[in-house]
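Alright, structures below, take your time with them.
Look at the two complexes coming up: chain A is in both, with chain B in one and chain C in the other.
Presenting the complex of A and B:
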């Protein structure tokens, strides 16, 4: 369980996260949606201690992220940020091996190698594992980074817009993979999404942020509703039921 | 490339580099030797040791600096070290005259210079990192500004000292590898040894740091403490090298990027030795050519800066060399 209580963050005079209290349940896939500048990524960064928290606390399984040692937390919680630029020349399998750093500190054991191989296979990277990252397309590189997070094998996995750079086929595959990781491996997956319909079809739980505050949260049926989406995005929406999913159109 | 291929090709490249480094060292020690061998060997041996120390210090500090900044065209020189060195030398000449500068006990001078430069960088980092923020690029930026300040102050002082003093000073400000003081070389070697012990077991942490702050934090590295630690190590290395032979600006950039181009993968375990070997080849080989071909007519640093400058331009024009 991730418990967020009274969390605020401001840059100078600008408040970007305003007193957010929220509990993300253990297990399942939670999506965080909301318009640009709603504070989704900032909140996620604070949960993963990438940004210092101005006020309030974030507890992951009873551990305060601001006080817990970094390497202890790295075995429970992992995060993938949006833009992952690397100056260094690394192969895909080199990159994925870094996911084992919290456990092995650079000396890979057989168990580590098993995790790395499984993560590569899971992301369909077996063919590419000896290629250098700068020889891959944006989508392939994105999958390599996701494989690294998977190899880290933490109970909580946070992804900041994991569908960036992915075409439709790979975006669907990625969401299925994250849902399966939640369902089959018992992981807790939290994603920041821009595509409302992906959130609607794949999430167990949706959190809506708006202007730095928690706006709504609940199961997709409660959230993907015309009045809520119109208020959130200040855009006209139509929501239809299609094959048991709620699909929003806004074109 | 598969891990085995990478291991094989990096081992091969490292062996070739080591052989070249060895050849240049032997050439430096023996070419054109006349008279008593014991004198030649001990005289050249001291200078060789000084060059090895500088090669090591510059190569390691530059690679580590580029690792923590995530940028391959930065060198630790940007944080104002060489400008501070120039200012120190200039101030002494300005205040006490050139005779005092040449008359000073070189060992005392060396220790004072290292202490002042390390102290300066420690104060700077403490100030920047103590305020809760930590941003390597801010360190670089402030280093550049302070470097500019030091340079302007030196420039001002140099304009108002007597021309005779200025000639002596100018000679000091070009890196020169004609170090003959064995004690200085010994002290430097000892300090470098201590730094080496500190970095010996940290290769995999360096690799994680190379992935950038966010990923490093997510993998459980205390990024702030580690950055501070690496910056301190860098400042010790650069200070030793600068105090021993004077400022060498482009050299680090040259050897680090040559190492990146030569080696198949970016792990520090192979990158650091490769950069050190390239540095030894450039320095010792360059000095040998300088002495035997150009008959000591110029300072090695001039050649290095010339070649380094050309390389830098080519590197920028070609974008990322791959």
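Presenting the complex of A and C:
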């Protein structure tokens, strides 16, 4: 369980996150949606201690992220941000191996190697594992980063817009993979998403942010509703039931 | 790791060549069969051996420092002479010359290292404060910063009539290396070993602050450790032989093209190639215009600037 209580963040006079209190349930896939500038990514970065928290606390399984040692937290919670630019020229398998850094500190054990192999296979990267990241397409590279997070094998995995750079086929495959990781491996997956329909079809729980505040949260049926989406995005929406999913259109 | 052995053999051969190239006639054969006279043995032990060891230590040290700097600045075009590190070490030496010229070499090196640390830290602070859109701007900012620092050095050197002394270190030259005057380079060597032990941390640091934090690494601490290593290595080389340009740029880039940047694998190669390149350049500088010497800094400057151009053009064609 991730407990967020009274969290705020501001840059100078601009308040980006305004007193957010929220509990993210353990297990399943939680999506955070909302318009640009709603504070989704900022909130996620604070949960993963990438950004200092101005006020309030974030607790992961009872550990305060601001006070817990970085390497201890790295075994419980991982995050993949968007726009990952590496100065280091690494192969796919090198990168995925670094997912084991919190455990091995660079000296890989057989258990580490098992995790690395499974993560590579899970993401369909066996053929590409000796290729350098700068020789891959954007989608393949994204999969390599996700494999690294998977190898890190934490109970909580946070992804900031994991569908960036992915075409439709790979985006669907990625969402299925994240959902399966939650279901089969018992992980808690939290994703920031721009695509409402992906959130609607794949989430167990949806959090809506708006203007730096928590706006709504609940199961997809409670959230993917015309009146809520219209108010969130200030755009006209139609919501239809299709094959048991709620699909929003806004074109 | 096995493939390192032929590379080490090559370095060994270069080192032997380096021992027996020079104005005084000392041949390998006469040393081996014992016909070398006392003067020849003295030259070998007091000048040739120290020079060769100094080259090996400085070459591997600067190449590894260059690599670490590239990981810390997250930019492939930086090295100690494009980040203000070398110029700051020079300023430190000037301060020593002005205030305490009789300091032992080790203390001089430490003062130079403190200045180098401050200069490199300033460079990285500038990078943090101004996010640069173009990767090529990063070394340009470093070169400008270095220019400003060396302008200060030049001004005071001119005022206090120390121009000649300062000129001596501006171009790396190992001809004055003698027994008793190069031993600070062993400090650089010890630090490169330390860098190898921390290799994985530097690779992770090269992935950026967010990646490092995610993997539970204290990014600020690893930056600080890296800066200390780079500054001490640079200062020890500058104090002993002067500025060795481009080495820290060429070698890491070549090794990176061949085998990537997993430093656990690549740092030994960077060290070996750095030692080999500087030895080869020094031998060239000693033979091409014998009995006169061309300083190794000049030889490296020519090769290095050509390689730098190649790197830039290669990038351009890739982008286009």
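Assume the second predicted complex is superposed on the first by the 251 of 251 C-alpha atoms of A that agree within 3 Å, B and C clash if a C-alpha of one lies under 4 Å from a C-alpha of the other, contacts with A are read in each partner's own complex, and residues count from 1 in each chain.
Note that in this section a contact is a pair of C-beta atoms (placed from the backbone, for glycine too) under 8 Å apart; a residue touches a chain by one contact, two chains touch by 3 or more.
Remember, it's a predicted structure, so these values are computed and weren't measured experimentally.
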_Quick check on the superposition: with chain A as the shared anchor, is it clash or fit for chain B versus chain C?_
clash
*Using the touch definition from the top, say if A:130 reaches chain B (first), chain C (second), both or neither.*
first
*asked:* Once chain A of both complexes is superposed, is A:26 in touch with chain B (first), chain C (second), both, or neither?
replied: neither
*Now for A:49: first (chain B), second (chain C), both, or neither, which partner does it touch?*
both
*asked:* Identify the residues of chain A that lie in both the chain B contact region and the chain C contact region.
replied: 48-50, 69-75, 78-81, 84-91, 94, 98-99, 101-102, 105-106, 132, 152
*Using the touch rule from the top, collect the residues of chain C that touch chain A in their complex.*
70-71, 73-76, 199-201, 203-204, 206-211, 213-218, 256, 260-264
*Contact residues on chain A for chain B in the complex?*
48-50, 52, 69-75, 78-81, 84-91, 93-94, 98-99, 101-102, 105-107, 130, 132, 134, 152
*List of chain B residues in touch with chain A within their complex*: 1-3, 5-6, 66, 70-72, 132, 203-205, 207-208, 210-215, 217-222, 260, 264-267, 322
*Partner chain C, residues of chain A touching it in the complex*: 45, 48-50, 69-75, 78-81, 84-91, 94, 98-99, 101-102, 105-106, 132, 152
